[in-house]
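Sharing a structure, written as structure tokens. Questions coming.
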Amino acid sequence: MTSITPTATPAPTLSVRDLRVGSPFNELLHSISFDIAAGERVGLIGESGSGKSLTATSVMGLLPETLTATGSVRLNGVDADLLTAPDRNLNQLRGNTMAMVFQEPMTALNPLMRVGAQVAEIMTVHHTVKGRRQARERAVELLTQVKLPNPREAALAFPHQLSGGQRQRVMLAMAMANDPQLLLCDEPTTALDVTVQAEVLGLIGKLVTDRGTSLLLITHDIAVVAEVCQRVLVMYQGNIVEDGPVGRVLTAPQHPYTQKLIAASDLSSVDDRGRLHTMSMPVVATPVVSTAETSPRRMPTDAAALPLSPAHRAAHQRIEADDAPVIFNEVTGTPAIRVRDLSRQYRRRGGSVFTTAPIVHGLREVSFDVAEGQRFGIVGESGSGKSTLMRILCALDQPTSGLVDVLGQPIKGASERQLRNFRSQVQIVFQDPMGSLDPRMKVRDIVAEPLRHVDRAEARARVEAQLAAVGLDADVMDRHPHQFSGGQRQRISIARALITRPRVLVADEAVSALDVSVRAQVLNLLADLVDEYQLTLVFVSHDLGVIRHLCDTVAVISDGRIVECGPTGDVYDRPLHPYTRQLVSATPSMDELARRVTA
Amino acid sequence: MRVHTRRNLIASVATVMIASMALVGCSNGATTADGEPDTTLTVGLLATPGNLDYTTTAGAAIPQALLYNVYEGLVKLDNDGTIIPLLAKSWTVSDDGLVYDFALEEGVTFSDGSPFTAETVKFSLERVKDNWTANGPGYLDPIASIEAVSDTEARITLTKPSNSWLFNMSGPVGTMFTESGIADLATAPVGTGPYTVSSFKTGDSLVLAANADYWGDAPYMTDVTLRYFTDATAQTNALLSGDVNLVAGISQFQLVGQFKSNSDFQVLEGASTGEVTLSMNNASDAFSDVRVRQAVMYGIDRQVVMDTANSGYGLLIGSMVPPTDPWYDADLAELYPYDPDKAIELLAEAGASDLTIAFKIPNLPYAVAGAQVVKDQLAKVGITANVTALEFPAVWLDEVFSNHDYDMSLIMHSEPRDVTAFAAPTYYAGYNSPEVMAKFAEADAADADAYVELMKEATTTMAEDAAADWLYLQPAISLADADLVGVPKNTPSLALDLSTIAR
Amino acid sequence: MVLVVLRRIGVFATTVVVASIVTFLMLSILPGNAARIALGVQATEADVAAQTTAMGLDRPAVVRYLDWFGHVLIGDFGTSTVSRQPIGPEITDALGITVILVLTSVVLALLFAIPFGVLTAVRQRKPDGAILSGISQIGVAVPGFLAGMLLVTVFAVTLRWLPAGGWVDPGDDFAGFLEHLILPAIALGSVQGAVLSRYVRSSVLEVMREDFIRTARAKGLGAGRALFRHGLRNAAVPVMTVLGLQIATLLVGAVVIERVFSIPGLGSLLLDKVALRDLPAVQGIVLVLVVFVLALNFLVDLAFTLIDPRLRSAS
Amino acid sequence: MTASDPRVTTDTPRRPRSAATGRNGAATLWTGLVLIGLVVLAALVSMWWTPFDPEGVFSDSILLPPGSEHLLGTDSFGRDVFSSILRGAQISLLVGTVAVSIAAVLGVPFGIVAGMNPGRLDQFMMRGNDISLAFPALLLAIIFGAIFGAGTVTAMVALGIGTAPAFALIARSGTMQIMSREYVQAARASGKSGVFIGVRHILPNISGMLIVQASVSFGIAVLAEAALSYLGLGTPPPTPSWGRMLQDAQGYLFIEPLLIVWPGIAIAVAVLGFNLLGDGLRDRFDPKMQVKR
């Protein structure tokens, strides 16, 4: 029996040495070593598959049964190696000495248990409070500390009654309940809207600073690290390739991978051709754990140059306090897209035996134009109505009321036959590189799908040409989607969208699911193709940075209406609507981040 | 002792295992734990009655349970098939065979208290013509008039002499009803018999209780439960496990063997009236030629059919006459010995060498088993039989019995003396012999000796004509606890007479 | 809210009416003449014709349907053409027996399936888990009536501990009722239990991969406690669906076991009545079965609402 | 009865299964395939050859114990039990195949159409499905047996129709999941018709779960055929069927108890095979794994 007795010597809170994690088939983590000092806030950054989450689960002792870890993980005050300690002892540490917050706020809480009880449980499990009543009282207190509105009522709520941000606050309350020495956060804000993300990050920072808790924050987003952490570890292919203070790593990355990563993350920085920095070159993974200073790298400060200036320049307008209808970006003459007083209501699916499905207002009296050749961005958070708007523009959904004309084709009430021509003129690129390609079809068939009345030989030729245009070889034609990486799949999606030579391209969060390195490549490709085919682009995204890079005009949508619209630079630099301001400050540019960190 | 062991089991679950094993063994003695004689009896039967009214509901199940037990007539058949007095103490027949004078038992009452008199006889028998729809109201057609001479004397006059009439009076149609007891025949029968119905659950059980006011000798068994099974194995299992004391009317004889070697039980083999009949549609193209029918007779080894499909139980009869009938002729069993070559020859003669027939059987276990053997044997003489098992009774009655849409079938005819009905040209067998019909009519009106002789002639002719292939006589096998006595062995009538059973 | 409940009931009622029409139509093409069966082999064609009229079988189908369903709505299932008794009580008696049998077997099945299923899930990768899982797999593969036959042979016929079959009303003799219930309930329950344990196992395996179980583990709950406190209720939801469907199929499915044990349940009654072409009774039984299943679905829906707060509050 | 209910499926993203589950799954899958292979082999071999005629009557070899000539003994008609078991595999496979095909042909298009048309049509169709769910296979078999006469065809049709609603539910919930995929949106945005989307996108992508369901239903059909034979609603003699062999053997339980063992084992092997196959395939095609991410 290993007992938990405090050791006398002052030591780092967490000490990881030579941690290796392997599956029966291969090694996933190659000798990871790092320390976290008491009260230190450390970020662990890397792209998907780099091994950052495995590191955290190894520390918690929650690796899947099929993976094995070697090396040592020591926690200050615990007289045992966590990797070899029996589960019973780890149980006493988990949730007590070290706690963890997971990425998925939607699923990380037990859906059938009231959140207050879930918070109280962690205290009763470790007997840190006397009795259930006190645990419940303390739970409400904690919920107050994480700034949950109406904490007493919220404690009685079930997880589904809370928003994602609120659930993540509950997770935080739970994690902090027993004042752990170490808090591990695995992508705590990735699933949240940007504005919420900033609040939750602020909260994490405050909680750990106030209590002197050590923090290990895992994320793919360099901005998140910059926001909260003092030190950052960069992971690449199962190795820590860089370790240093955030400010230094941000401004003077040392390892080639870090350099590329930071360059690619910076959507405001472009090369001499106006293109984003990409990470197309393979990076050799050589672990570097030095903190030596290198010469600071000059950060480009100018905003992304717009390669194509449309004839039309949007007026910068915002919705007024009286909610009077505004026609945004009004175009004289014939616009590519004309939307007037568009409303869309729908019944939420589901409901139970006793309740009717509630009516949801997806869009409320939206009016705007998009000019031919314009790159029109629509930015908004989840539930804002941006996806509904996009679906209606593509005639995948019908407006409840109002007028929608796309390329002169009225959408409302149009039959599929009437839309036949429209369908080849308006094409769409989706967010999810997994879900947007039918896994059972060959690339050849996927890309050719929108073609009509085209014989096999010609279809083949056009597919080949289109694949070449998006940078894929012809030999991919007979493969299935699962054989491609996320970025390649997105290229295939784009090829499919462009094969009919559409005039309007609608992109729905087209780069949101991609790793930073790939994102830049796809954005560059999109920009090139829009130019080449003289497309009218409607780009829907939650990420203001992406929109700013790609679009000349942006509409900010919130709660079913456009609250502000104007040239991207104007909106970004001089936001008119408070919501836009919030949005802008929540998505700082790299420069801004560097400024904040070094300040 | 055995009877009550299971109650203990539930009462003292902890000791079940050892206790019950110890108690199970001693299954002997006719007393209960209190030392009183055990007069309760549970009988396991197949074929449940749908209701209790045999005046309008066909089937053997209701008479089996009620006739002689709850209901009585003027006469009954004893276990040897002899007509003996019941409610009629005695009777005389006029020389011309037309007038029957019955002297009735005195002091007989129905279970509802109403008296049994000559008027009851008149009421009951006259009711048959208009109110009975099942169980052969036509059997009483010979009656010209019924007269209550006094309370205890009834005179019945026939239109013509009939030998079968009195025999039929021993069956359901002869039942005595009281006017006050016919309101609810389907559930509340009122009779003069030794038992009354105390409860009835369709498909499950019929409980009889001794009639305290019975005019005759009180039966030994005071409480009798008839339990109905749908599955023959379940039925015999119930006997093995002690749930029932007596199983009557076994139909799957492979189940019998295990009881023969077990001294806790007795196996009672008797004669029945159930002729298992391979019927041929005499009116169909396939079998209208007597040579084809005879070919079937030669082509089938009845001993093998009986051995294989009936585990060797039964009696080869060769005609539709069981040994309990006076005109039984044992030699007929040898009329058509197994001779496949002869069969092939006859078929060739009849130009039916490549015969294919529709063999439509009821989906009853004995028929399904028998048909497989028959099909196999017919194939050997070049007859292809396409076997279809029709749902019994519904579809079989419809297709085969009513519409005569078949070539061959296999079914047991269980009613007593049903050979006359079988010979009718309208009957499903389609056998049309005016000569035989005339002989039956003559026999019925003849004196006792001539009656037997004429019946023998007619039935022999039918056998020679190969009107059907009477494969074998189903034995009446009853299985009972070893301590039961007086269990009726034979089933000369439809009734299961409980009054003689004792321990 | 009231409106919604009314609408749900309206939908339910419509379903019942449609089901009644389906039932009626399906059974109206039954071959075999009920009148002939009632009269037996000695009756003449004229007798049969008269009986047909007497039984009302010569009226148009629509009239017969309306007459039948109209009476069913006021609780009158008509009179059996065989027993001459009102059908309602016959059905109620048989349904009662079957429901007792099925529910007892389901309780037995759950008593077996829950611990067994959880165990096989938790011990998934251990040899004992694989062996237990194999046992339940084989249990699923054994026909229920074979299990019944073997139980009768061992416990009734050979050991004579329990009756081989039959049924005793609990009101008449409770001890006797239990004796008669044990073997059929075990026969029915063992196979169902094996089936259910497969579902419990896969449901628990599913739940064990859920994020909130990981959260519970991160809170310091041991694997067992995490599963017990957080997993089981979640795992219950899909199992309940299966359970509802199982009970629904068992109402008829129990007929095989009823046959083995000579129990006068609803399935047996149906088989008997079909054989006798007791059309009013058959229609009544089928309708009761169908409505029972529909109502069961409704109840399962309701149970979901109770167990899962996500369904309770839609807004 | 195996049916998944749309109520129980969630959009919860899952992590992929670990490697070990996969290996377990593979073992399960292969065990299942081997057992099914045995049954299929028996059925195929018995088409051309059995040691003895399983349909004849041999009065000189009744109820022989297992021995060198008759490997598993003979039954009350003198038939070689081993031959009957071999030939019985045909009926089991036939009933399973036809019943599952009928169920799939009826249920899958129904479920896909319902799943592709959320709203009124879906509601309406699901009420219809509820009604057919209320007529379980056994009930249909009893009714159909009375209407059309009992037999293999009736049993297969009843089982098929009775199993169809389960397929409809599976197909519908699968369709609803696929309908939310972006490639369906993309196809719609390309002007593809509902039929095209149903056939080209939805059917191939739900085929995994359908195969799992088919496999499990197959096992259930084999069991149901046995039960129907026991009730006298199955395959009529002399065609050998395992279920009827069991029923026949029941009467000889005290004379030749082994007679009940062989068909019992045969049924268990077939059902086990299909269940294991289903489990193994479920690990392969876990519908949850197709959910995005």
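Residue numbering begins at 1 within each chain, and the chains themselves are lettered A, B, C and D in the order written.
Quick note on the criterion: a residue touches a chain if its C-beta (ideal position, glycine included) is under 8 Å from a C-beta of that chain, and two chains touch if they have at least 3 such contacts.
Note that the structure is a prediction, hence the values are computed from the model and not measured.
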_Between A-D and A-C, which chain pair shares more contacting C-beta pairs?_
A-C
_Suppose chain centres are the mean of their C-alpha atoms. Which chain sits farthest from chain A?_
B
*Intercentroid distance (Cα basis), chain D paired with chain B, Å*: 45
*Report, in whole Å, the distance between the mean C-alpha point of chain A and the mean C-alpha point of chain C.*
50
*Once you find the CA centre of chain C and the CA centre of chain D, what distance in Å lies between them?*
21
*Which residue numbers or ranges of chain C touch two or more of the other chains?*
30-32, 125, 149, 153, 210-211, 259, 271, 301
*Which parts of chain A, given as residue numbers and ranges, touch two or more other chains?*
65, 104, 107
*Would you pick out the residues of chain D that each touch at least 2 other chains?*
12, 20, 146, 250, 253
*For this entry, which pairs of chains touch?*
A-C, A-D, B-C, B-D, C-D
_Residues of chain C defined as touching chain A within the complex_ = 1, 3-5, 8, 125, 210-212, 214-223, 229-230, 233-234, 301-302, 305, 307-315
*Once bound in the complex, which stretches of chain C touch chain B?*
30-33, 36-43, 45, 47, 51, 80, 82-85, 90, 93, 149, 152-153, 156-157, 159-167, 175-176, 178-179, 259-262, 264, 268-269, 271-272, 275-278
*Would you pull the chain D residues touching chain A in the complex into a rising list?*
12-13, 18-20, 118, 181-183, 185-193, 200-201, 204-205, 290, 292-293
*Taking the complex as given, what residues does chain C use to touch chain D?*
11, 14-15, 18-19, 22, 26-27, 29-32, 124-125, 137-138, 140-146, 149, 153, 198, 202, 206, 209-211, 237-238, 241-242, 245-246, 248-249, 252-253, 255-256, 259, 267, 270-271, 274, 286, 289-291, 293-294, 297, 301, 304
*Which part of chain A faces chain C closely enough to touch in the complex?*
60, 62, 65, 87-88, 91-96, 99-100, 102, 104, 107-113, 121-122, 125-126, 158, 160-161, 171, 174, 348, 350-358
